[in-house]
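Chain naming follows the written order as A, B, C and D, and within any one chain the residues start at number 1.
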Amino acid sequence: MRGRFQKQVEKKVAEYTASILFDRRLYRQDIAGSIAHAKMLAKQAIISDKEAELIVMGLSSIREEIEQGSFELSAELEDIHMNIEARLIEKVGEVGRKLHTARSRNDQIALDMRLFAKEAISDTIEKLIELQKALLDLAEANKDEIMPGYTHLQRAQPVLFAHHLLAYFEMLRRDVERFHDCLGRTDVLPLGSGALAGVPYPIDRAFLAKELGFSKTSQNSMDAVSDRDFVIEYQAAASLAMMHLSRLAEEIVLWSSAEFDFIELSDAYATGSSIMPQKKNPDVAELARGKTGRVYGNLLAILTTMKALPLSYNRDMQEDKECFFDTIDTLISTLEVFTGMVATMRVRGEKTRQAAEEGYILATDLADYLVRKGVPFREAHNIVGRLVQYAIEKGKSFKELNISEYESLSPLFGEDVYSITVESSIEARNAPGGTAPERVKEALEKARKSLNE
Amino acid sequence: MRGRFQKQVEKKVAEYTASILFDRRLYRQDIAGSIAHAKMLAKQAIISDKEAELIVMGLSSIREEIEQGSFELSAELEDIHMNIEARLIEKVGEVGRKLHTARSRNDQIALDMRLFAKEAISDTIEKLIELQKALLDLAEANKDEIMPGYTHLQRAQPVLFAHHLLAYFEMLRRDVERFHDCLGRTDVLPLGSGALAGVPYPIDRAFLAKELGFSKTSQNSMDAVSDRDFVIEYQAAASLAMMHLSRLAEEIVLWSSAEFDFIELSDAYATGSSIMPQKKNPDVAELARGKTGRVYGNLLAILTTMKALPLSYNRDMQEDKECFFDTIDTLISTLEVFTGMVATMRVRGEKTRQAAEEGYILATDLADYLVRKGVPFREAHNIVGRLVQYAIEKGKSFKELNISEYESLSPLFGEDVYSITVESSIEARNAPGGTAPERVKEALEKARKSLNE
Amino acid sequence: MRGRFQKQVEKKVAEYTASILFDRRLYRQDIAGSIAHAKMLAKQAIISDKEAELIVMGLSSIREEIEQGSFELSAELEDIHMNIEARLIEKVGEVGRKLHTARSRNDQIALDMRLFAKEAISDTIEKLIELQKALLDLAEANKDEIMPGYTHLQRAQPVLFAHHLLAYFEMLRRDVERFHDCLGRTDVLPLGSGALAGVPYPIDRAFLAKELGFSKTSQNSMDAVSDRDFVIEYQAAASLAMMHLSRLAEEIVLWSSAEFDFIELSDAYATGSSIMPQKKNPDVAELARGKTGRVYGNLLAILTTMKALPLSYNRDMQEDKECFFDTIDTLISTLEVFTGMVATMRVRGEKTRQAAEEGYILATDLADYLVRKGVPFREAHNIVGRLVQYAIEKGKSFKELNISEYESLSPLFGEDVYSITVESSIEARNAPGGTAPERVKEALEKARKSLNE
Amino acid sequence: MRGRFQKQVEKKVAEYTASILFDRRLYRQDIAGSIAHAKMLAKQAIISDKEAELIVMGLSSIREEIEQGSFELSAELEDIHMNIEARLIEKVGEVGRKLHTARSRNDQIALDMRLFAKEAISDTIEKLIELQKALLDLAEANKDEIMPGYTHLQRAQPVLFAHHLLAYFEMLRRDVERFHDCLGRTDVLPLGSGALAGVPYPIDRAFLAKELGFSKTSQNSMDAVSDRDFVIEYQAAASLAMMHLSRLAEEIVLWSSAEFDFIELSDAYATGSSIMPQKKNPDVAELARGKTGRVYGNLLAILTTMKALPLSYNRDMQEDKECFFDTIDTLISTLEVFTGMVATMRVRGEKTRQAAEEGYILATDLADYLVRKGVPFREAHNIVGRLVQYAIEKGKSFKELNISEYESLSPLFGEDVYSITVESSIEARNAPGGTAPERVKEALEKARKSLNE
């Protein structure tokens, strides 16, 4: 490609611009694309069947060489495409020089990236579903456990532990949906766009799409080689997923603390300290929480890179790969370790229940009690607010207040106020979506069914 | 709400935590939600029909007051919900205190935000389509103009100007799709989730959904009050859209420069300088390019805010609004000014064509010429590379080289090499997606048809 | 400025490009700059003394009009500079048209922004120091309180509460330093750079610098009008400061939870719930934590905006203001409310101490005990690790283990093992920087002294 | 460290949490720290001189093993610290188990990172200065070349090419300053802070600081192990530096285009196309511009990771390394290739000058001409605005307008208007900081002098 150049590139420049250290990861996609391309060229009589056969054979054996580690990729050849082409020519001779007919590295790399992304999305969805399963299993196994529901990290109202877990199930369900949508927009064949303007050969793009498993072909050659939306969309969906995982991670860290003590992680999912022998640290959750930063950073990196680039291909776009690979690896490995961590976690139901019993967590129920006796909600809320203040001053729990103390704040309080319990509170919230056992049972069944589909 | 508190909040704290300065923008949504809620409470006999009627009347008149500017929202009342509730109680008396039965600000704000987001998404889609139209009109009006296609901002191969513009049409098409997908996930009623655990009243969520135009209801109350995915998803889709617009903006700035001189902006879409009288600046394009930063920043802001929040509602989430509103306003106004700018832009076809004629832009066509004479592409590429180097040294264009100069590099060159022109180059690229006039004509028709649907 | 234009700008364009809604905030700086400029023009005989006097008088009275709200800034006049110039001409006539001699809006806005930034930095430093004071007061008032020190949110080793607070003192000290450094780089007069190339008048920049309180003048006119480093550097320093505050916020949220119960916020710094009457929420801390996102977002916004802009001024740079103002306001208000929140916070020493007594927090001390008896640290660590495991199995604390149980793990354990207490652990850590009371006393004194300087 | 654990960690967890793949890069720092630590322990009689000697010898030989590639670091041993400690025990026996006395991995990693950062900062400063030199050399070599100065990418006023380049010199000067400030805050010894609370041994931190070349020691042990400000500050300074480089990159891309044609890159700093034989692409500049995204992303990653972490060390903080290393490598390699690219770039002075001659670039000079004849600037600006409009309509340049055409717009125009040239325009701008040759000469000398210091 340096036909018109009189000097070799500076060594530092070659290193700076080389992508082989990371795009080598695309070798399978690159070879698959080239094989389909060669077959199509033959089918369209742009090269002969014999030539195509040689090329396909050569490419297949290069794939084997790479997989067996016997073919060393060279930084001097800049990228995965040139490495493979050069090796092909070594192996099959002059005919190898025909492979690059009717295509360019611009549509070739767009193809490789889309093939890679499609697999990555499918893998991601699979791992998301596995974590959903683990959450559902844990919820079912602890479906009667009661815990305090929190707002502002203050105990707010009692809920079922399973209800709490199912909130994460919902988040992951949306993640799965988003990756599905992203898959649809990734599933577009760019090959046949040439460098930017299309190709002056009678190619068959429908054949290529079929060979390579794409359901659509790109409509505009300049867009096809300039577009990295699918990479960004994956990164955005991954950022949302990591945000969800960071919330679960935060809760696992809190629940593992001595202060909460709601769960115990399996020893296989915790680590120790180099100097404090007693420590059992929720490192996996912490690290996942920390890795959220990396995934957000990768999203912003590619958005920044693509900002204000004129059409069509610019070398800036080579920067699409490393941060994409890193996000995929981070998300998938985080999902895997979370699945194991959740599956092996022990819930201390006695502790979560005890926490739900303490304090004035039933205050809303007292207000709703007054509402049912005809007090407007806002007034009921005020009465119970004063009741809480009174109880704090007296150092008493609701149960410990006597009936005349109740009555002093509202004559509508009767003996039945003592029947308000953590259980009755939970049972009462049986509107759809609520934490009542009946609702949660339905939700668990629905969730299980959705996973089986 | 300060029943249990003994002190008023500090003035600085009230200011710091108040949201009324920005959530006032949700007044229509908040009132619509409250009206539906009151009707539902009556329908379910939680309040009487009479009470509901009074509340609905009161709320309607508050909406009018706000719209006529006669009701002053107060920072002391913290947020839009409390402002409206307080005014309602002023207007309809005690019965107003019943409105907050069976709901919480947590599900109320989730509702308001989703109602607002649904409208914003629809508006965004409409504006995207209008810009698509303007691009398509411009492409059709200049469908025969030829320009250099660029890679690396180097002239690469000649293309039709319309083909170049259609690349942006494709980008915007994907944006429309993404916002549609986001709309589907936004279209979920959260009301009925209470503070976090559901509500202990026999509410009818299906009725609420119908009244408020939602096609789905949320499945888990804790998720419903903790979830801002729809805000983030809008921000991510908006970041992609702004990235696309920043690319078009960059090109408009380039094309408006003296060096390119490809287009002239309407005076109505350009501004002058305070000291340089000759200046005609493409400020709209520059500012749009600059605003990309703001939209990316807003995306990062909400992602950061939501990171590692334990369930369920936390006050951090109040930060979901300003950056959301700002992104919506930025994207929609940018789309509007772009639509006008594109619609009034004049393309200097003689200049774009002249640029396409210069230099060695037909080098790929020479290589393809040799390929058709049997030279493997990679070798053809090398031959033409040396030809370019020779021509540069001699200071000649391809046309100015005589046939023996051609032949000195390859005996396969014949007189027909002189028939390779910008036109023949463009016509040759007629594989689907390519820049050949026939393909572009089809693409224009298809685009027009898609807009008419 | 539209001398060469034949059309007015489109209304939507005027709105889109107008900056008056936010740059009005720079009116004091803009007028101060113009007054100094007019004086300099007179001093250099570029305008007459009489003219300068009129201009200065006019500008002063415009400042008053703005402050009294009697001068309405108009969006039609685009920005603060043109609004003031137009009003000046209205007030003092033709002479007002001379003010813009030897300057451009490009160096004018750079001046306004630097004057504004210098004040903002000084304010920020002052507020940082006030929060340092509040932290120090709280530390001194609770200097004997013991709490568990945490790593991984697991109780690790006992520390003094004051020691913990002083960690934040250190963070804020670095913040102060960073803003000081930023101030030095902001304190550079750009005026006199003209539009980009300098000015063709015999101006006196040293005089301008002196009048406006700058200690340096810019060295290169193109850099001077293109440079927004000082804005970005403020944003970066603010992001670090907010990160520190978000950590303190997280701890305040944790400590306010029922599970930790280490502190009680003043009622004046907490808020209630619309439906849960018992709630006392640490909203200020939560909101501050949430606002970290906004400040990070603003940093990314301006970095993105400035990316890849060719020299010199581009309209993109108008986007430097809103996100800068927002960050300043956010950081300063957060520092203010934190200062009050910290000053009025009550530490529950009995609770923090009790938490420090529980569990196996003295395990490291046991290992260090063995080290002092000659066991290599790594081995001592292993022995105590097994001891912890044994104690957990037996359900005993270290104190409850009898001496033979100790000896079964190492014969080096003796009766003196029981003298290891939370107090002895803290006292032992008296290397410089450690939590020993003596060290913390020194640190408190040093901190106090540094604030008094 | 798993004394209290009953299960091995899951393989996937070990992989997920292992840092050895990237923290191996800290081996030199880790060993240097351990050697200093061992010497200090001996000096303070915490271990014997003999023991220290053995440890130091062992550590030195491990360093050699690593450098010769004969010691394989193992992922099972999690991190660089444990790998080296384990190898040490293998080599020197039991005494190796004493090395970890009076320290923790928490202060150890903080030490390693600070040692590494100090070197990285020094390297970065050196590379910044080398690029400054290359820019200065290029400016001096082309010190008489004239080019159009741009605002809004519109030709605005003529400037010297050297003046333009010196704007970048100034940017890099600020970068150097910022890294210097960062170095000051990095140069703080954290060792001796233990896990979080300090250490219960009579250590000598001043000795450690001296041995390891630190000028300060940390003041608070909890801050010392929780603080990554120095990493973030480097990332922020690097983001600013990359922003500057992205601007220069953008200009190099523009100037290399056929449309500008202001420079020619050396063949050694440009690359070709796989299908377009004529292409000479400014890939280095493009890639650098693209890598800006990566560096911004890394900054946001670490800011996000550190957000809202409670004290003291949390495992999230392990995420400080990869993005830090990546930013260092990216910035340093970008500076290196830019230095070479600038040094070998050829300026086409005839082209830049021709561009400066075209159009109405002298319009400001005409306005200033009228000002000198007594017209208020704002009016002069309007007159020349109309003159430009008139000239465009007539299709004439300023030079081609005859004197009566000038006079028809203002009677103050005289024959001397024809003496306004690109040269006179540049010479006129000789206020300090301006583009006049005299000023630029001074600036070049000053710049040279500053580099020699």
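Criterion: a contact is a pair of C-beta atoms (placed from the backbone, for glycine too) under 8 Å apart; a residue touches a chain by one contact, two chains touch by 3 or more.
As the structure is a computational prediction, the values presented were derived from the model and not from experiment.
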Subject >> For subunit A and subunit D, chains touching each >> reply: B, C
Subject >> Result of counting contacting C-beta pairs for C-D and B-D, higher pair >> reply: C-D
**OP:** Could you tell me the distance, in whole angstrom, between the mean C-alpha positions of subunit C and subunit D?
**Re:** 23
Subject >> CA centroid of subunit B to CA centroid of subunit D, Å >> reply: 33
Original post:
Which subunit B residues sit where two or more other chains touch them?
Top reply: 1-6, 100, 151-153, 156-157, 194-195, 254, 272-278, 280-281, 283, 286, 289, 292, 296, 299-300, 303-304, 306-308, 314-315, 364, 377, 381-382, 384-385, 388
Original post:
Once bound in the complex, which stretches of subunit C touch subunit B?
Top reply: 1-10, 12-13, 15-17, 81-82, 100, 103-105, 194-195, 266-278, 280-281, 283-284, 286-287, 289-294, 296-306, 314-319, 322-323, 333-334, 336-337, 340-341
**OP:** Using the touch definition up top, name the residues of subunit D that touch subunit B in the complex.
**Re:** 148, 151-157, 253-254, 256-260, 272-283, 286, 300, 303-304, 307-308, 355, 358-361, 363-364, 366-367, 377, 381-382, 384-385, 387-388
Original post:
Once bound in the complex, which stretches of subunit B touch subunit A?
Top reply: 1-6, 85, 89, 94-102, 106, 149-153, 156-159, 163-164, 166-171, 174, 177-178, 181, 185, 192-203, 205, 217-227, 229, 232-233, 236, 239-240, 243, 246-247, 249-251, 254, 289, 292, 296, 299-300, 303-304, 306-315, 364-365, 368, 371, 376-379, 381-386, 388-389, 392, 425-426, 428-436, 439, 443, 446
